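Only one structure is covered here, and it is reproduced in the block below.
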Amino acid sequence: MEPAEIIQHSGGAIGAAWLMIALPLVGAAVLLLGGRRTDKFGHLLGVLMAVASFVVAALSFMQLLGFAPGERRRGIELYDFIPGLAKVGLLVDPLSISFCLLITFVGSLIHIYSIGYMAHDPNRRRFFAYLNLFVAAMLLLVLADNYVALFVGWEGVGLASYLLIGFWQHKPSAATAAKKAFIVNRVGDFGLLIGIFTIFATFHTLAFSDVLGNASKASSGTLTAIGLLLLVGACGKSAQLPLQSWLLDAMEGPTPVSALIHAATMVTAGVYLIVRSGPIFEGAGTAQLVVTIVGVATLLAGAIIGTAKDDIKKALAGSTMSQIGYMVLAAGIGPVGYAFAIAHLITHGFFKADMFLGAGSVMHAMNDEVDMRKYGALRKVMPVTFVTFLIGYLAIIGFPLLSGYFTKDGIIETAMEHNAILGWLAVLGAGITGFYMSRLVFMTFFGAKRWEPTAHPHESPAVMTWPLIILSIGAIGLGAFLVLGNRFMTFLAPAVGAPEEMPSFHPVSPTGLATLALVAIGAAFAWFKYGRAEVPAVAPRASFLTTFARRDLYGDALNEALFMRPGQWLTRLAVFFDNRGVDGLVNGLAAGIGGTSGRLRRVQTGFVRSYALSIFLGAAVLAGAWLVVGNL
Amino acid sequence: MNGTIQAPSIEYALLAPLLVVFGAAIVGVLVEAFAPRYLRSAIHLPLTLLSLAGAFALAVWQAIKGVPTKPAAMGAVAVDGPALFIWGTILILAFVSVLLIKDEEHFVGSAAAVPGSAEEEQSLVERAAHTEVYPLLLFAVGGMLLFPAANDLLVAFVALEVMSLPLYLLCGLARRRRLLSQEAAVKYFLLGAFSSAFFLYGTALLYGYAGSVDLAKINQALGTVGGQDTLLYIGAAMLGVGLLFKIGAAPFQAWKPDVYQGSPTPITALMASGTLVAAFGALLRVFWVGLGGLDWDWRPVFYGVAILTMVVGAILAITQTDIKRMLAYSSIAHGGFLLIGVIATGHTPAENTSALSGLLFYLVAYGFTTVGAFAVVTMVRDAGGEAWHLSRWAGLGKRSPLLAGTFAFFLLAFAGIPLTSGFFGKYAVFQAAVANGATPLVIVGVVASAIAAFFYVRVIVLMFFSDPAADGPSVVLPSRGTAAVVGIAALATVVLGVYPQPVLDLAHTAAQSLFVR
Amino acid sequence: MPWLSTLMGVSVLGALGVTLVRNDKLAKQFTLVVSLIVLALTVAMAVQFSPNGDKFQFAETYDWIPQFGVHYGVAVDGIALVLILLSVILVPIVVLASWHDAEAGKRSVRTYFSLLLVLEAMMIGVFAATDVFLFYVFFEAMLIPMYFMIGSYGGAQRSYAAVKFLLYSLFGGLLMLVAVIALYTIAGKGTFMFSDLVGTIQDVTTQKWLFLGFFIAFAIKAPLWPFHTWLPDAAAQAPAGAAVLLVGVLDKVGTYGMLRFCLELFPDAAKFFTPLVITLSVIGIVYGAIVAIGQTDMKRLIAYTSVSHFGFIAMGVFAMTTSAGSGATLYMVNHGFSTGALFLIAGFLIYRRGSQFIADYGGVQKVAPILAGTFLVAGLSSLSLPGLSTFVSEFMVLTGTYQRYVVPAVIATVGVILAAIYILWMYQRTMNGPTAESVKSLPDLNAREKWVVAPLVALLLVFGFYPKPLLDVINPAVKDTLSSVSVTDPKPAVPVAQEGQ
Amino acid sequence: MTTHYLVLSALLFAIGGVGVLVRRNAIVVFMCVELMLNACNLAFVTFARQNGNLDGQLIAFFVMIVAAAEVVIGLAIIVTIFRTRRSASVDDVSLLKY
C-alpha cells in the first residue's frame, strides 16, 4: 500500500500545529532573555509550555483521527523560507503525530521530574530553557514537510543536546563531552547535507511531497547514494556505528537530559529520517541492506558495551544504542519494518525514559554517585523507584506481555523473515540484553550494600516519582496496545505505506521461544554473577573481551588513532606551513627586496669618480644599445 | 655673401617671460653691486617674486592670445603650447620655492668662510647674508624656461648651462652641515659639467650628421642623409646622456641623492620640481621634435632606461634612513614613471596628445607635491638644524598632527593613492602607455609603485604609529612663506586629486598644439 | 532625491564635523548620531527599492573627468543595496563598540571616529559605484583610513600589520589598475561606465588577462587562499571595531568585485578560470578552517575562520547558479553580522582581561554568562547553525555549487565539520571548565555592550528564519548577473512539476 | 680629410673622459672636462668645414664662453672646498653616500 497524498489543511488544532513548536520556543526565549528575573517561575513556565505543546499535539491527534485513513496526511503551509529553495510547512500525519505525542508527553513528564531533580541547581531556569528549546526543535524536526526545515530541527536538537550535555560546563569532562557530541553529529550532518544537496540536484525541490512522491522516477544509483548519505546523518544522530562514540560521553549531562534526549527522543531521529524517507530507501536495495547491517552491528555493539559498564548511565546508554540498533534494523527492512521500528521507538521511549529517570532517582539519593559497584540493596529504601525500574527492565528484556515483548520481538520476527542471519544476530542481541539489564538491576537494587559512608539514600519526592509511575504504566501496556491487531501498522500506513499482507502476531513462535530462552539464560547468568555473588567494589582486572567492552569496543581509541591524532598533526603542520610557507613567502619576498636594496645601495659609494664612471659606462651602453637597435 | 647682414628678427612679445626673468636677474646683480647691504634683501625679494609673477602673467597672456605655430627668434626658441604650459608650471614652482628661500635660516652667511673658523663666527655676528641667492635663482629659472623652449641644440646647451651653473653654486650655500653642502656642490658641478660635455659632443655629432643644430632641420635630415647613421646614433645617445642626467634616470642617477641631501632644502625643492620639469620638457622636445623620425630607435632604449630607473629608484629608496635622500630616490623613481609617458608618445596626434598631456599633468602634480614635501622637511628641526634622519621623525604625528598629516598626505600622493594628485598623474601616463602598447612597461611601473609605496608608508608608520623620542625634533613655527608653500602644495595636491579636470584640460590644450616642428 | 550622494555626503560632513568637536565624549555621540542618520536614510532608500524594477536604481551620473571618460556614477542593484545596508548597520554598532577603544592607546579619539565616518562614506561609494574607475578610486582610497585605524589604534604589532595590509592590498589594486586601463583602452568606448563596458571585450585571450588583473586584486582583498596571510595579522592587531569593518565589509569588496566585475565584464574568462577559482576556494575553506583550529590567539582564529568563509563566498560566486550566487551574496551580508559579533564580543573579552590568547581564559561562562552566551551565539552563527542566518547562505551556496560541481561541494562541506571544531573548541577553552584565576572578577557585559550585541544577534536570528526580504532583493540581481554571463541553472534529473519554482 | 680631425676630436674627448675617471685632483678633473669641451669644439669646427657652413665655428665661440663661465663657477666651488678640507682630492669628498 502506497502512502497517501498530502492534503492541504487549515483550521482546527492541526491548523495550529505550529503552536506545538512555537510554545516551547517562546518559553525558551523568555527564559533565556529574561535572565535571572525569571528564576522564580522559570521551571513552571517550562513545564507549562511543554504541557501546552502536548495539549496541542493531543488535540491535533484527535482531529486527525476524525479523518478517513486516506486523508490523514495534512499539510500546513507556513511561509517561504528560502525563496527558490524551500517553503516551510508542517506535515501532520500519523507518523509525525506519533512522534509529537511521544515527544510532548514524555517531554512533559521529564520536565516535571526535572523540577525535583534540578531543584538545587542555581541554573535551573536555564536548564528548563534548554529543555524547552529542545522540545521545540525536536517537534520541528518531525513536523517539517521538507528536508531543509527537518535539517533546521535536526541541528536545533543537536544544539540543545550540546547545551544540555555541557550544562555543568565547569566540569571539563562535561564540556568535552558536549563538544564531542556536537562534532560527531556534524560528521553525520555532513552526510545528511550532501544527501540533501543530491536530492535538490536531482529533483530541484526539497519538499517531502515532491521528492518522495517522485522518488521512483530517479535512477537507483542516485537513490542509493541519497539513501547512504541520509544513513550517515542518521548514524550521527542516532549513535549508530561508526558514529556511536559520542553517546556514552553524553551521559555527562543531567539525567533528565539523558532520559529525554539521549534515550527517548532525539537519538531516535535517525530512525525517523529513514522511515520518513522510506520511498528513497525502497528504491535502493543496497542502501536498505547497509541500513540493516548498521542496525544489527550497533545493536550488538551497544549490548556488548552495556555488559561491561559499571556506570549506571553508561550501561543504559549502551542499551539505548542497542535498542536503536533494533529500530534501524527494522527501518531497513521496508514497510513491514517501519511500524515495528516506530512502535519500538515509542515503547522504548517510555521504558528507557522510565529507567533513566529511575537511575536519576537513584543517583539523586546517592549523592550523584553513578558507579553501580557502590550501590546494592536499594530496593528497600527506594521502593517506588525500584518497582518502576523493574517494570522498565522487564519491558526491555522482552518479558512476555510487557511492551518490549511486543515491539522488540516484532522486530526480531520481521528480521528473521527478511534475512535469517540478521534475525539470529538480533536474537543474540536480545540474549545479551537479558544479561546486561539483569546485571544492572541486580547490582543496583539487590545484593549487599556497598554504599559510600556518606550516602544516605532515600526515596525521591513525589514530583520525581509520579513521572516514573506514569512512564512505567506506558512500559507495561503500550506495546500490546500498539501491536496487537496491527493497530499501529494500520494507523501508520497512510504515512509510510504498509505491506500488502499485514503480519499476524504469534504468541508462541520458534523465534520468540528462542529469544525468551536466550534472555532467560542471560538473566540467570547475571544472577549468578551479580545477584548471588559478592560484587567487588572495585572493578576487577578483566579478560580481554571485557576490557574490549569496557573501552567501548575501542571506538574512542580508534577515533583518536584515525582522526584526532592525525588531525592534530595536520593542524600543526598547516599552521606551520601557513606561517613559514605562505606567509614566509610573502615576508621573504619583502625581505628579499629589502636585502637587494641594502646591497645595491652600496654601489652608491659617495665617490664622485665612481659616479662619473657610471655615467661614462652608461653613455657607452646607451650608445651601444642605440647602434644595435638602430641597425636592426 | 652679399656683404649685408640681415638683422635677426626677434619676437620680443613672445619671449617676454624669458626677458623679464633674465632682466630681473641682471637688475638683481646690479642691486648686489650698488645697493647697501641692509637694503638688498628688501629689494631682492619683491623683485624676484614680482618678476616671476610678471613672467607668469605674460605667459598666461600669451597662451590666451593664441599659441604661435612658428618658432621665434629665427627658429632658436619655440614658444608653443607645451612650452607655455611648462613655463607656467616652472614659474609657479619657482615662485613657491622663493617663498621657501626667503627664510634666511637656510643659507650661509659667508660662503667663503671656512666652516668652524673665526670668519664664520664673525659672519654670524654680523648677520651677513648671501643675497646673491635671488639673482642666482632668477638666472637658474631663466635657464629652466629657456631649456624646454630651445629649438636648436646650441640654445639648449646654453640654456642647460644657464640653468645649471647657478644651481651648482646654490647647492653649496647651506647654512648648516656645510661640509655636506660643499660636497654636494662639488659633486653636482663635476658630474654636471661632465654630462654637459656629453650633451655637447652629441650636439657636435648631430651637427656633423645634419649640418645644422636646428631641431627641425635635424629631423628633416633624418630621412635624407645616408651613410652616416653611426654619427646619428652615437650623437643621439650622447644627447640622451646629457638629458637623462638632468632627469636623474638610471644609470645617470647617482648624483641625485647626494646633491639633494647636501643642498639647502629650498634649493633641493627647486631642483626636484623646476629642474625636473625643465629637463623633461627639453627631453621631449629634443627627442620628439629633433629625433621624432627616429622614434623606432630611441623608444626601445628609453624602455630599458625607464625600467632601470623605476626599479633602481624604488628599490634603493626602501633602505634609506635620511628623509631627503629618500625623497631623492623617490624622485628618481618618479623620473622613471615620467619616462613611461615619454615612451607613450605615439604616432597619431591623438596618441601624442594624450601622452603629452598626461606627462604635463604628472609634472605639475609631482612638482607641487615635491615642493610641499621639502617645505615640510625644512620645518622639522632639532639642535643641529633640520632633522633629516628618519628615526628623528618618529612620533611626529603625535607632536604636531597637522604637519605630519600634511606630510603623510604628500607621501600618499607620491605613492599614487587615489584622491591625490599623484594618482591621476600616474594614471595619465600609464593610460597613455597602455594605449600605445607599452603595457609591460606599465606592469613594471605598478610593481615599482608597489615597492615604492613601502617607503612612503614606512615614514607614515614612523610619524604616526611609533612613539616619539624623548629628545625628538621640534617643529618650528613656520614663517608665513613656508606655511604658504605647504598650504599651496597641499591644496594643489588635493584639488588635482579630486578635480583634476581643469588642469587636465589645460594640459590637453597645450598638448594639442604639440611641439612646433 | 540623490540618495546615495546624500548618504556619502552626510558621512563625509560628519567626519569633518567630528574633527571640529572639541570634546571627546561629544565627538563619540556626534559620530553615533551621524551614523544612525545614515542608517535611517539608507533604510528609507532601501524601502523604495523595487526588486523587480530597473537593474540599477537611484542612479546618479555626472561627468567627473571627461578627458579620461570617468564619471561620478552611483546606483544600486540588489547586491549592492544589501551590502550597503550591511555597512551602514555595522558602522553605528562599531561606533558604540569602540567607545573606549581609541582611548586605550592615548591617541586622538576624534581622529578615530572621523576615520570611521570617512570609511563609511567610502564603503557606500565602493558598492554604489557604477563607473569602474570610480570603483577603483574607492577601492584603493578605502585602504587609507583603515590603515590608520589599524596602525594608530591597534595592538602591539600594529605597524607591521598595517603596513602588510596596505602594501598587499595596494599591490593587488595596482595590478587591477593596469587591467582597468587596459579595459578602457581595449574597449575603446571612451567611458568607464560599467553598463557601457559590459560585453565590449570579446576576445577571450584579452578577457583572460584582464580577468586576472581584476581577480588577483579581489582575491587579495577577499582574501582567497593563498593571498590570505595579511588578514590574520591585520585583524588580530586592529582594534575590534576596525577588525569588524575590515573583515565584515572591506573584504566583501573583493567578493563583490568578483561577482560584479569579473563575471559580467569577462564572462568567457570567468568560465575558463572557474575550475581554478573553485579549487582555490575549496582549499581556502578547508585550509582556513584547519589553520583556525591550530590558533592560540582568538582574533587570529576568527580571522582564519573568515578565510574559510570567504572560500565559501568565492565558490558560490563562481559556481554560477542562482542559488549559489544569491547564497554567496547573502553570505557576504550574514558573514558581516556573524564575524562582526564574534570580533566585537571577543574584543570585549580581550578588553577586560588584556590578552588575546585563548590559554589565558577559562570558565568565563560562570562569571560572565551573558558575554559567554552571546559569544556562543556568534560562534554558532560562524559554524552556520540552522536558525541563524549564516546557515541559509551556506546552505544555498553549497546546494547551488553541488548542482554543478559535486566534488568541490562535498569537500567544502567538510568545512561544516571543521567549523564545529574550531568554534566549539575555542568556546570550550575560553568559556567552559573551571574558572581561571585571572578572570574571576571579570564583569559581564554592560548596557552599552549589550546594545552592541543585541542588534547583531537579532539580525542573525531574524534572517535565520526569514531571509526572504534580503533574498527577494538579491535574487533578481543575481539572476540578471548570471544571464549577462549567459549561464543557466542545470536542469534537474527528475523534473517535478510544481508551483513557485 | 676631415676624418682625421674627427678622430682627434674623439680621442681628445675620450682622453678627457678617462681623465675625469682616473684623476683625483678636482682641478685636474675639471680640466679634463674642459678638454672634453674643447674636443667638441674641434668637432664643431671640423663639421663646419665638412658641411660647408659657418654654424659650427660660431658654436665654438659660444662653447668657449660657456666654458669660461663654467670655470668661474667651478673654481669658486673647488676653492671653497679646498679651503675647508685642505685637500683638492675628489676622493676625500665622500660623506654623502649609500
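Note that the chains are named A, B, C and D in the order they appear, and that numbering of residues resets to 1 at the start of each chain.
Basically, contacts are C-beta pairs under 8 Å (C-beta built on N, C-alpha and C of every residue); 3 or more make two chains touch, one makes a residue touch a chain.
Computed from a predicted model, the values in this text were never measured in an experiment.
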Please indicate which chain is farthest from chain C, where distance is taken between mean Cα coordinates of the chains.
D
Just the chain pair, please, that has the highest number of C-beta contacts.
A-C
Distance from the CA centroid of chain A to that of chain C, rounded to the nearest Å?
36
Could you give the separation in Å between the centres of chain B and chain C, each centre being the mean of its C-alpha atoms?
44
Cα centroid separation, chain C vs chain D, in Å, comes to 65
Chain B to chain D, mean C-alpha position gap in Å, rounds to 25
If you look at chain D, which of its residues touch at least two other chains?
17, 20, 29, 90, 93-97
Can you list the chain B residues in contact with two or more other chains?
186-187, 190, 194, 257-258, 454
Going by the contact rule already set, what residues in chain A reach two or more other chains?
590, 601, 604, 606, 608, 612
Judged by the touch rule stated earlier, which pairs of chains are there in contact?
A-B, A-C, A-D, B-C, B-D
Touching residues of chain C toward chain A in the complex: what are they?
164, 167-168, 225-226, 228-230, 287, 290-291, 293-295, 322-323, 326, 363, 365-366, 370, 373, 380, 385-387, 391-392, 395-396, 398-399, 402-403, 406, 409-410, 413-414, 416-417, 420-421, 424-425, 427-428, 431-435, 465-468, 471-472, 475, 490-496, 498, 500-501
So in the complex, the part of chain B that touches chain C is made up of which residues?
357, 397-398, 401, 412, 415, 417-419, 423-424, 427-428, 430-431, 434-435, 439, 442-443, 446-447, 449-450, 453-454, 457-458, 460-461, 464-466, 499-501, 504-505, 508
Footprint of chain B on chain A - complex, ascending
590, 593-594, 596-598, 600-601, 604, 606, 608, 610-612, 614-615, 617-619, 621-623, 625-627, 629-631
Seen from chain C, its contact residues with chain B in the complex are 64-68, 107-108, 111, 136-138, 140-141, 143-144, 147-148, 151-152, 158-159, 162-163, 166-167, 170-171, 174-175, 177-178, 181-182, 184-185
Which residues of chain A touch chain C in their complex?
32, 35, 79-85, 87, 148, 151-152, 154-156, 159, 162, 166, 169-172, 174-176, 178-179, 182-183, 186-187, 189-190, 193-194, 196-198, 200-205, 207, 210-211, 214, 217-219, 222, 567, 570-572, 574-575, 578, 582-583, 586, 590
